[in-house]
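By letter and in written order, the chains are A, B, C and D; residue numbering begins at 1 in each of them.
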Amino acid sequence: MNWDRRAFVKFAVGAVVGLHASPLIPKLMDDSAIWTQNWNWVPTPEDGALAFANTVNPATGTGVKVRMVTGRLKGERLIRVEGNPEHPTSKGGVLPADASALENLYFDDFRVKTPLIFNKDTGMHEAVSWDKALEVVAGKLAELYKAGQAHTVAALGTEAKTLDGELLSRFMAALGSPNLSFNVSAADTLALAGWAMAGEENLGFDLAGANYVISFGTPLLEGFGAPVAVRKAFAGWRKDFKHTGTLVQVEPLASVTASQADQWLGCKPGTEAAVALGLCQVLIQEGLYDRAAAGAVGFEDGDRGPGFKTLLAKNYSPGQVSQISGVPVETLIGVAKAFAKEPKAVAVCGPGGGGEPGRLLDFMAVLALNALKGNFGKPGGVVVRQPLGLKPLGEAINHAGGKPRLDGLGSAKRPVGVADHLSLAKAALSGNPYKVNMALVAGGNPAYSAPQAGVVRDFLRSVPFLVAITPYLDETAVMAQVVLPCGTFLESWGDSLAPYGGAVAEYGLHRPLIKAYEQVKSQGDVILALAAKLGGDVAKALPFASAEAALKTRTAGLGDLAKLAQKSYHVADKPAYGSVSFKTPSGKLEFFSMNLHNLAVKLSGEGGMGKVLKSLGVSAEGTAALMPHYEPPAALAAAGHGRLLLAAVPSLRTPKGDQPLTPYMLKVLDGETLSNKDELVVEMNPQTAASLHLAEHDRVKVTSQAGSSDAIVHLFAGAAPGMVFMPVGLGRFAIANAYTMGRGGNYNQVAEATADPLSGLPVWSLTPVAVTKA
Amino acid sequence: MDDSKFWPQGVTRCKPGAFIAWMLVCLGLGGWAMLSAFLCIYKGLNQTNMNDFFAFGVWIVVDLAIIALGAGAFFTGFMTYVLRRDELKNIINAAVIIGFICYSGAILMLGIDIGQPARGWFGFWHANVHSMLTEVMFCITTYLIVLIVEFVPLVLENRQISKVPDLSFFAHNLHRIMIVFAATGTFLSFFHQGSLGGMYGVLYARPFAYRTGIVIWPWTFFLFILSAIASGPSFTTLIVMLTEKVSGRKLTSHKVKMMMGKVSAYLLSFYLVLKIADTLYWANVTLPKMGVTFGELYGGGPYGTYLVWMELGLFGVLPALLLLQRRVRESYGLLALAMVLNCCGAVMNRFVMTIQPLAIPVLPFEKFVGYLPSWQEWGISAGVIAYGLIIFSLAYRYLPIFPQEVELNKG
Amino acid sequence: MSLADRYSAGEHRFGMVIDVDKCTGCGACTVACMSENNVGVLFDETDKLRSITWMRVYQIDNGRPFPETQVAFFPRPCLHCEGSHGQHTPCVSVCPATATDYDEHTGIVSQIPTRCIGCRYCVGACPYHARYFNWFDTPWPSGLERPLNPAVAPRMRGVVEKCTFCYHRFQRAKNKAFLSGGKVEEMDYQTACTEACPSGAITFGDLRNPNHKVAQLAASPEAFRLLERLGTNNKVYYRTSREWVRRKADNYLQDEKTGQVAASQGGGH
Amino acid sequence: MTTHEQGQAKRSHADWLLFVVGFVLFSALGFWGTPALLYAEKPQPFQFSHKVHMEQVSEGCKSCHSFREDGSFTGIPSMDKCKECHSDSPQGDTPEEKIFVEQYLNKNKPVDWRVYAKQPPCVFFSHAAHTENAGLDCAKCHGDHGKSESLRPYQYNRLTGYSRDIWGWNILGLGGPPKRMKMDSCADCHRENGVRDACFVCHK
């Protein structure tokens, strides 16, 4: 046998055949396939014991259940936020913002994980210890305090009446600064309207009890109050395929609410109040109104002048209202009659599409319609919410009285209303009567979410020392000298109050369910720690060991805190039905508001009242000025001549401005909101677009006096002519992450805020804009 | 460098330099394909422009087209070995090689087209017998094996290799039993050509693709077989003609080509009668039941009715009429033209049946979206063509695939 | 009762009824689905042709001019077709690798990403675009892998995935029933989208169980299915009182009356 | 017959022998080399005797490997479970127990046991269905593991990362549990017993 080429070939063939006869090849094939099933860059979540905990999401008012899993090796983690079926108003439903809340909690790119101090030399924020950070902040506060400049410290909170808001208020009062502002909302406007006409600031709409609802310009199904609760009420009107309730929507966009409504009155922009008054007039002329309403102050003509009834007849006949609003006369009469006929029918006002607080006179018009229906205290009507019985946090120490407020609130310039970020920012930027040396932003993100965010951002940037207490490295935090990390609602103590428009007393509580980041504290704890560091009266005003302890004091009337926290909410069983004892000066319902009248008198003396009201933006004269009436929004006058009116597209697919836009929420946006990776989409009527020579998907620039944004045009027949509709919640530029940063533009940047007549609150639901091809 | 001792006996080939230059061009295309393939495997199919609407793209069109055109192999084999048309022995070798190229090329492409190439064998191991694609996978793979068996003796006939007695003996014996393989190949091919058609015809929720049929086979099953065997012989002949033009040598007698043309002519005519009948039935009976009209389906974006006229008229009836004429078949140029039209018809049919069903949305509220292949997709497609050119060029240069070549080029 | 009987006793047909007149398109179902089923987010989610949303909410409008315009929404999970007979869904019948099957016991169309070879034939076969191919490796960056649900295996690139009617919830409910000796009741097995919807627009349950609400609702004359006449015979019913919405749910010839045409093909043959 | 031809004939026989040699050698290499190539060993953190523990408990396997209220199976017990018997000082005198108490129990650090029967993440295995509903013994799938005095070496597949017990100890993939716990083993048993084998019975 020769070991030659042929022999070798045979051996080699044998070897190859032999190897193939062995399991090597099939085994390798199988294992390669299994390898693709177990790629190590695909995560494998660890299984373990499941547990659930209740809490309430303060950003949405939804009662939720958090699902957690405890793995044997990796320990606890939260895996889902889902609805809490036991929660009396949200009944198991959730919003995209709730269901994606864990992204706010766990997405590292969003979060501030340790206290940060801005280093001027490197231009970066650097991590420091809590001690160091508090020392720096308290040191600055003490320095200003000692220099008698405590009033030049401004604070920007989110909600005044929550625990965090109260702690911040006490902190500022004890420190000696009157310059504290909060986010404004429709709740502020409704409180004023209620105070003006009924002497009651705590009104709600019994949507769940009603079966005929007219909603005036507010996105009832897309961001009204606690949206889940409203949707649950809506579900009640559409029970198992039977329309058991009727929804009528008045607004200039074929929005979701308008489309799901049984009837949509597509009115001209800003004329919703005129429609409400037109309905009032039909009720009266047809004799369909509640006779008890006739006894209300200012209904009939009186000494002061013509009454509400006369004014309606004079100015708001169906023909006139149809002229103003573009809603046909027959429609107005039909709706009014149906409204009158239905025993449980309610008229609803609320926030605008972009979360605007709404206009006081509009709200009063809607309350007047309810009054004529005899709705106060009735099931399915307007109810006064029960008081919650929260206990005060002890004696307040107020050193802030000495200096005037920057925003002039309480002066003749702005006699009613509440403090808002924009007014504070404008006044501070003017430096009159003094400059702001330090600002403390607690919990919110006003540089993004405040009306005319550009102005607020300019203000915050101009402040020599800015402190942000926030869970997120957002638009506000990136400008701050010191950033103090607080937790999301899933990792901290805090509370939330009854959502806007809800009919029952409601209180939500959230507690730490997990410690996702070692150094993060409850917002309340940060304020308390700062107070303790500062010492003196500030520490005395805030004598709590922790936010939990403060909550214990606050909720003493609601039982054991631990138990309450487990349950996470306190909600009254049912609305307080029954006759309402009006707390107005007359003790009656007032179409002519004595509260407003008395205030105006106080400010001016009887003679100059007209002038005062003019200065507050009321153009109507005589008794009408203090009655529900229609004032055309300032923006209407500026529109036309090639200018369009900008309004917001309400949506639950984007979060409220203070919350980051989560990747999941970004994902559910469709091509009518965001397109081509990062381009904002605005909606226009095809005719309007044609008149501007714009076609579908044209790139445009939307410019107002306040700012501008690039966008892409989407033609939508359901948009009122002469308007342009912009989504809200996009255009985040600060939180550096691959998903949401730089996507779209910010509505708040373009919308221009004006002072609402009487209330002085900023309103920005309509803005004259130029839309030009980019 | 002289490689003439590897050339087939008694023929000449172009200079090595020219051949190498030509190979480099092909390899360049191959390089583009390799880069594309690497990206598609390493980074995933996001490198293509396919998406969830266009789940299939240009690759599937190329796949189906080359498998249809490669049908010349089995059908010529069928006619040569089973029907004993001895004249066709003069072209059968070329047909086999083209078939091999088309089928192996298609399988290579499919290996990249699937999202998990390492799991490709699941289709065999965990086969779902109800799926037309399973049938396709099995038949294509087994038929490729048949083609390899048919191809191997050709390789062994190389002047140098055939000097090894064992191999020569092996090749000779393989030749003797070729009828078995030809018959097997015919059987397999009938099924997978049909199944490829069936793949689309069974999509009963895609009105554009869906066809009624008999038992489990939709009409497209039979139409695909017919259009494949109608265009396959034309394609084989065309490649031979192209080789003749490029090499400047006569490779088969015109009689052989005419015969292939005649085969194509009758099959194409038969196919067209059935195809037109099918289209009419589909447009007038099948579609209305689904609530759609022919006009709607041929009205989306660039997919207008001109496609029908092109597919069935310009690339269907016209080449059929041409090829049926003896005078046309006698003319080298006209025969080639008619065959080109015929092949275009097959490619176009595969395009229309794969891309258009996906492009036309079925839900009334969905919109038409466009699709253009990415450079990676073109790269792979070009690579398959380059692969074919390389294999055929090598085969032509070194293997005695044209028995008539020596005789035809005498003097 | 033999072991086999205990398993096959009681055949279900799990399905849904979605009230289009209740849906406001808020996307809560989509987000709840994604968080339940570990669906990831790509860097460009405006590319809806590659975005994976098992539960996708389609917006439609009636095309009428202002102020008669209306919009409506079709939330679209996998519709779990049955075809003319169980295995004859458009997708199951075409998968070459048996990576998807029709469970005769539950009526659920499965999808097993670890078996899938990524040929996308099923994606092309589905007229609802309910099947999604993983064109990318899903990025789970910095921290976002923490809330992943252990009940659902994350998928790899190159495979198809789709809505499973949260089948894992049925598995877990059965586990509990095995231990307690009880049965899986209507409320023990609900999908994530059903639970999440604030309008209660989605009802889920066993279409074969007359006590389940979903069975009662599906029997209503106002209930219909998407592309019913193709014969997909699916198990997701919709409901509306608006004719224009209903007409958008299927293809009609001009002279045909809404909702009055029978399924034609009956799932092919 | 010429010598040349004879030589040829002899030669070819000898050649075929070489073919056989090549075949045997390389198929043997394949059989032996495949597992050697694919599998590696990882040590367990320390030794553990199921036998000793079984003698101490009253309810067999379920004493430690129990069900949760929701029907899910705990698998390897948590440290809390261990603490029900173990205190902060060793009870016996094995060095293993000392390691356990000092390095794990006292530090409250979970033991990262290598789990022989760990299934891929796409698998939903219901212990409740098998032991509670069908009444199978643990040993049906886990063999005598519960009686073992020590932990055998844990082998895993280098390519896939899975325990060798999944593919099984026979390189040809023959046999069933406890020697092999791949899907076809599950499917075989389901088929034999007429139990459903739709994908979603055991996949997630």
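By definition in this document, a contact is a pair of C-beta atoms (placed from the backbone, for glycine too) under 8 Å apart; a residue touches a chain by one contact, two chains touch by 3 or more.
Here the structure is a predicted model, which is why all the values come from computation and not from measurement.
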item: Chain occupying the most central position, where position means C-alpha average; value: C
item: Interface with more contacting C-beta pairs, comparing C-D to A-D; value: A-D
item: Length of the line joining the C-alpha centres of subunit C and subunit D, rounded to whole Å; value: 37
item: Subunit B-subunit D separation of Cα centroids, rounded to whole Å; value: 49
item: Between subunit A and subunit D, centroid-to-centroid distance (C-alpha), Å; value: 56
item: Length of the line joining the C-alpha centres of subunit B and subunit C, rounded to whole Å; value: 39
item: Where subunit D touches two or more other chains, by residue; value: 70, 72, 120-122
item: Where subunit C touches two or more other chains, by residue; value: 47, 114-115, 137, 151, 153-154, 158
item: Shared interface positions of subunit B, touching two or more other chains; value: 116, 119, 122
item: Contact graph of the chains (line, ring, star, complete, other); value: other
item: Pairwise chain contacts, counting only pairs that touch as defined; value: A-B, A-C, A-D, B-C, C-D
item: In the complex with subunit C, residue positions of subunit A that touch it; value: 36-37, 39, 41-48, 69, 71, 77-83, 90, 92-96, 98-100, 102-103, 105-109, 111, 221-222, 227-228, 231-232, 234-235, 238, 240-241, 243, 254-260, 264-266, 516, 651-653, 663-672, 674-678, 685, 716-721, 738-739
item: Touching residues on subunit C, where the partner in the complex is subunit B; value: 47, 49-50, 58, 60, 74, 81, 83, 87, 90, 92-99, 115-121, 123-129, 131-137, 157-160, 226-227, 229-232, 247-253, 256, 261, 264-265, 267-269
item: Interface residues, subunit C side, partner subunit A - complex; value: 19, 21-22, 24-28, 30-32, 34-36, 38, 41, 43-48, 51, 53, 57, 59, 61, 63-67, 69-73, 114, 137-151, 153-156, 158, 192, 195-201, 213, 217, 220, 222, 239, 241
item: Touching residues on subunit D, where the partner in the complex is subunit A; value: 11, 14-31, 33-34, 38, 68, 70, 72, 74-76, 78, 110, 112, 120-122, 157, 159-162, 167, 171-173
item: Touching residues on subunit A, where the partner in the complex is subunit D; value: 1-2, 6-8, 10-19, 21-24, 27-28, 30-32, 34-35, 37-38, 40, 44-45, 47, 49-50, 72-73
